[in-house]
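Common to both upcoming complexes is chain A, partnered first by chain B, then by chain C.
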Partner chain A sequence: MSETWLIIGGWVSAGLTIFLFSFLYKDNPFFKIAEHLYLGAGMGWLFQVSVTNVWLPKIWEPVMNGELLVIIPSILGISLLTQFIPRISWISRYGFTFMMGYGSGLAIPAGLSTDFLSQIGGTIKPFSMLASMTPFNIFGSLLVAGGTICVLFYFFFSVEHKGHLQKISNVGIYFLMIYFGAAFGNTVMARFSLLYGRFDDLYTYSAVKYFYATQVILVAMVVYFILHSFFTKNKKDVSEEAA
Partner chain B sequence: MIKTKVITLIAFMLFAAGSAFAAKPAPAIDGFAALDMPYDVGNAAVLRWPANPADTDDTSYVVYVSTHETGGWLEADRFAAAAKTGKDIELPFWAWNGSAAEHAVKIELNNLFGESLPSSVFQFRVTAEKNKKVIAESAVVSVMPVGNWFRLDRLNNLILLIVLIIIFFWAVSHAKRKGLFIRRIAGLDAIDEAIGRATEMGKPIFYVPGIGSMGSISTIASAFILGEVSKKVAQYDSQIKVPHYDPIVMTVCKEIVKQSYMEAGRPDSYREDINQFVSADQFSYAASVDGMISREKPAACFYMGYFMAESLLLAEVGATSGAIQIAGTDVEHQLPFFFTACDYTLIGEELYAAGAYLSKEPMLLSALKVQDFGKLIVMVSVFFGMILVVLGAKLGWTDFVQGLLHLFKGY
Partner chain C sequence: MLKEQLQKFFKIDRRWIFLLLAITLFVPIMKPIGLPNKTISPATKRVYESIEKLPAGSFVLFSLDYDPSTRPELHPMATALLRHAFSKNLRVGVVTYIAGSTGLIEEIFAKVPKEYNKKDGVDYTILPYQPNVLAVMTQMSSDLYGIYSQDRNGNPIIDMPVMKGVKNYRDMSLVVSVTGTALLDYWVAYVGDKYGVPVAGGVTAISQPGYGPYLQTNQLKGLIGGMKGAAEYESLIKQPGKGTSGIDALNLAHLLVLALILTSNIILLFVKYF
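So, the complex of A and B:
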């Protein structure tokens, strides 16, 4: 890639990053440009992914190789598009019915196995090694078992949570909140790494090699916001005077 | 002459003795059998033979497999003599009868030959080795692996499913006759408040169904809630906007909203652009919905369904715009973000319960009852299972404990 293209890429990258960050101040035309560009680019990218990763290898190539069975699921898939033609939209029900049936058949046995049996088995299994467990391990296993029961009880809708039942439910909430706190911290840390990535790019594009792309765009936007604010204020004053 | 004869005779005797010594075969491993692995898709075999009490710690077994009648042997497994007994096969007691006095080895043929097996019949043999020398060898046996239609090892899953189905039908019948009780859920009671606020302010309501497909349970639950919300919106003659990520979800939601407007007696108020497709790219979708919320300043925002990293991006913008916000998802690591930015949050199961809670439909209420019964099974099983396992472990009832663990294994 030539040097010129790298510089152009740097300006586009720094520009779009700053345009999107400008939303932190307020909605503005730069954000709208970036938003619509992102929307269009995202759809374009997904379209080519669908063509190259689904249509070509899963339909076109098998049909060309004589595997005609793929036509059946393809027709079911195409039937969903008939939703856009009201007169024949009933055809889409076949596709939807197949999807719902297939989804249920796949999800129900897996759900039973993981949400019920594995949950119970996983909670009681540590106690089978009682002889080799330290007091701390026993405490940990009891905590997990107790927490499982209390949290599940919080989601039990068939009885009113009053009196002692309310206390069990509250313990469940404490367990949930501890988990949510940990998950929050964990995710925020991960998001910060994304933010550092963007800042790192902005720093890279602020170099002389990129003709100070970050600084120029940033200053230009600040000037725009000041001027915009100034003229909007003037317009407001005029309209107030007229009123 | 005599000297030459004697030398020839000695040489012949030495050669004969050497040949006899070299040809001495290794002792046989008796009772070696290769069988089709039961309850699988037909890509594994199980080998069984009696354990030899004379095996020492440095004895190891090597399993060979071949697709040819003779030769072409491939090492399939190697393990110490004390390992891999009949008890180690991962099948429950009702589907497998293994003992510690035998060796049982599961050979996954697809791991050795690839997903498409090169032959229908496979030859096996096993050798016992000590210090890298073969001390015993089995005869060659063959097996033809076949797929099984019925997974007997999942019998516990089937029984549980049948029990839940019976309870579901009982609950449907009970719900139709007498109704079913559901406790109050605060987040759902706030829906009326949010719609009322939007009506008073004359501002729209944003209902964001998330980025799940129609196969996601939370999206299905969200579609039920959308039905009830849009019915109330139609009754109050307010406005609702539903931006979509998935075209199929949009199609389903269109039908649901249209139906709700008809049920509310306001088909004239229904507009095709209530449901609008935005983007199937996660962050494009988030950026665009953020833009819409910040420009239109809705009075209420609902975030119900499957959400990932866009959860905070959406909820934060909604909070900044001053909207009353109600969220609900079963993605547990996104819930903390909704807690921080929304007024009410439905946690996991509460989202599933919402459709039934709002509509009071007997079918949905029954489904909720079955879920509750499932939770009751888990709570009771964990409590009593824990006590029984502790008792069994304390009293040394190993088979009882193993049997109990088999009952609660997912397979």
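So, the complex of A and C:
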């Protein structure tokens, strides 16, 4: 990529980032431009990916090479679009039938094995190796097994949760709260990482190589907000006087 | 009087907090403080060891499935993982099931292979984006070339030195999935568990806690989580990068959040009981 295009890319990137962040101060036309541009570019990108990476290599080229069998799944795929025409929407059921059958056939055995049987096995297995485990590992295994039982019991509604059963259910809530706390903490960290990423880029584009893109756009935005606030205040004063 | 003053804290315009956070994150970028990253989680270490123990020439499949929205977290870890693989002289295959990843993959491979004098087609190959990940994963279990006949530049891969002796999952020593989506679940369920291929992962910090059960049962050989995980991996391979430099900013931002939580709770307690 040429140097000029890199500089233009830097200006576009810095500009769009600042435009989008400007919403944190208040809504403005620059934010709207960036928002609409994002949606438009996203749709355009998705369309070209569908054409160049799916339609051309998976349908057009095989058909041109005489592999006519691909027409069958293509027709099934196209049948899904009949959903938009109520009169013939029943045709879409054929496409969905294949998708459901194929999806279920793949997902159900894998899900049962990976997320159900293996997890039950993983919870029980350590108890067969207690003799070779350290006290800390034994405590860990008991904690995992106890936590699993208590949380599962919290979601078991066929027995009234009162007395000792209420206590088991409450322990389950504590385990859930610890998980939610850990998940929330990680979410905060992830969001800060993303923010750091944008700031890092803004810092990169603030260099002389990019002709101070970040500083120029930032100052322009501040000037816009000052002028906007000045003129809207004047307009408000005039309308109040007229009233 | 004091109580009223303190209660004003809860009515503070949140834009001041945004500004404070922006300054907290921006300052370390302009002037790195160099806060140490001393803890390395066992899950990250397990990924490192999974690659470290592989003999030179082993084939490792990298599934890099993230787009610019999760780039700050996942790009540094993908870069560090590939640096580690190349430094161990492993053969590398790259696949992606997120169209937005292709540019980011090119960005890594424009730089990293040169550092280790690695050549496209000989030491690594980048396969093109494919839609319908489940169909691709299933096909690769029997014959990889049935779905990937060419690399991303249209060159046939079957005769490439990097692909020598690699036909399906049985010929792969490790699959590493770096993703901001649920694709790591698919690699575990449809490839790792089904065909006995070791699977390791790198995910965003948000997804990280959900993979704990897979780590406990060893269905996942290791896991790198978020920018912190990337920094840990960079420490392990002794090549500081974007993950390490982000730790300063993350540490300060976390301290700010802690300070805000503590301050508001102390004020709340004071207002309530005094």
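List of remarks:
We take it that the second predicted complex is superposed on the first by the 218 of 243 C-alpha atoms of A that agree within 3 Å, B and C clash if a C-alpha of one lies under 4 Å from a C-alpha of the other, contacts with A are read in each partner's own complex, and residues count from 1 in each chain.
Rule of thumb we're sticking to: contacts are C-beta pairs under 8 Å (C-beta built on N, C-alpha and C of every residue); 3 or more make two chains touch, one makes a residue touch a chain.
These figures come from a predicted structure and were not determined experimentally.
In the superposition on chain A, A:His161 makes contact with chain B only, not with chain C. Once the two complexes are overlaid on the shared chain, A:Val51 sits clear of chain B and of chain C alike. With both structures placed on the common chain, the touch criterion links A:Ile226 to neither chain B nor chain C. Contacts of A:Ile75 after superposition on the shared chain: neither chain B nor chain C is touched.
In the superposition on chain A, A:Tyr179 makes contact with both chain B and chain C. In the superposition on chain A, A:Ile8 makes contact with neither chain B nor chain C. Of the two partner chains placed by the overlay, only chain C lies in contact with A:Tyr196; chain B stays clear of it. With both structures placed on the common chain, the touch criterion links A:Thr187 to chain B and to chain C.
When the two complexes are overlaid on their common chain A, residue A:Thr114 makes contact with chain B and with chain C alike. More residues of chain A lie in touch with B than with the remaining chain of the pair chain B and chain C. Residues 45-46, 103, 113-115, 118-119, 121, 179, 183, 186-187 of chain A contact both chain B in one complex and chain C in the other. Contact residues of chain B toward chain A in the complex are 154, 156-157, 160-161, 164, 180-185, 214-215, 217, 248, 251-252, 278-281, 283-285, 287-288, 290-291, 294-295, 309, 332-333, 335-337, 339-340, 347-350, 353, 357, 368-369, 372, 374-379, 381-383, 385-386, 389-390, 392-394, 401-402, 404-405, 408-411.
Residues of chain C that touch chain A in their complex: 15, 18, 21-22, 25-26, 29-30, 69-73, 99-100, 128-131, 134, 138, 188-190, 193-194, 204-206, 208-210, 213, 216-219, 225-228, 242, 245-246, 249-250, 253-254, 257.
Those residues of chain A whose C-beta lies close enough to touch chain C in the complex are 24-25, 45-46, 49, 53-54, 58, 103, 106, 110-111, 113-115, 118-119, 121-122, 144, 179, 182-183, 186-190, 192-200, 203.
By the touch rule above, chain A contacts chain B in their complex via residues 20, 23, 27, 31-32, 34-35, 38-39, 41-43, 45-46, 80, 83, 92, 96, 99-100, 103, 107-109, 112-121, 123-125, 127-131, 145, 148-149, 152-153, 155-161, 176, 179-181, 183-184, 186-187, 191.
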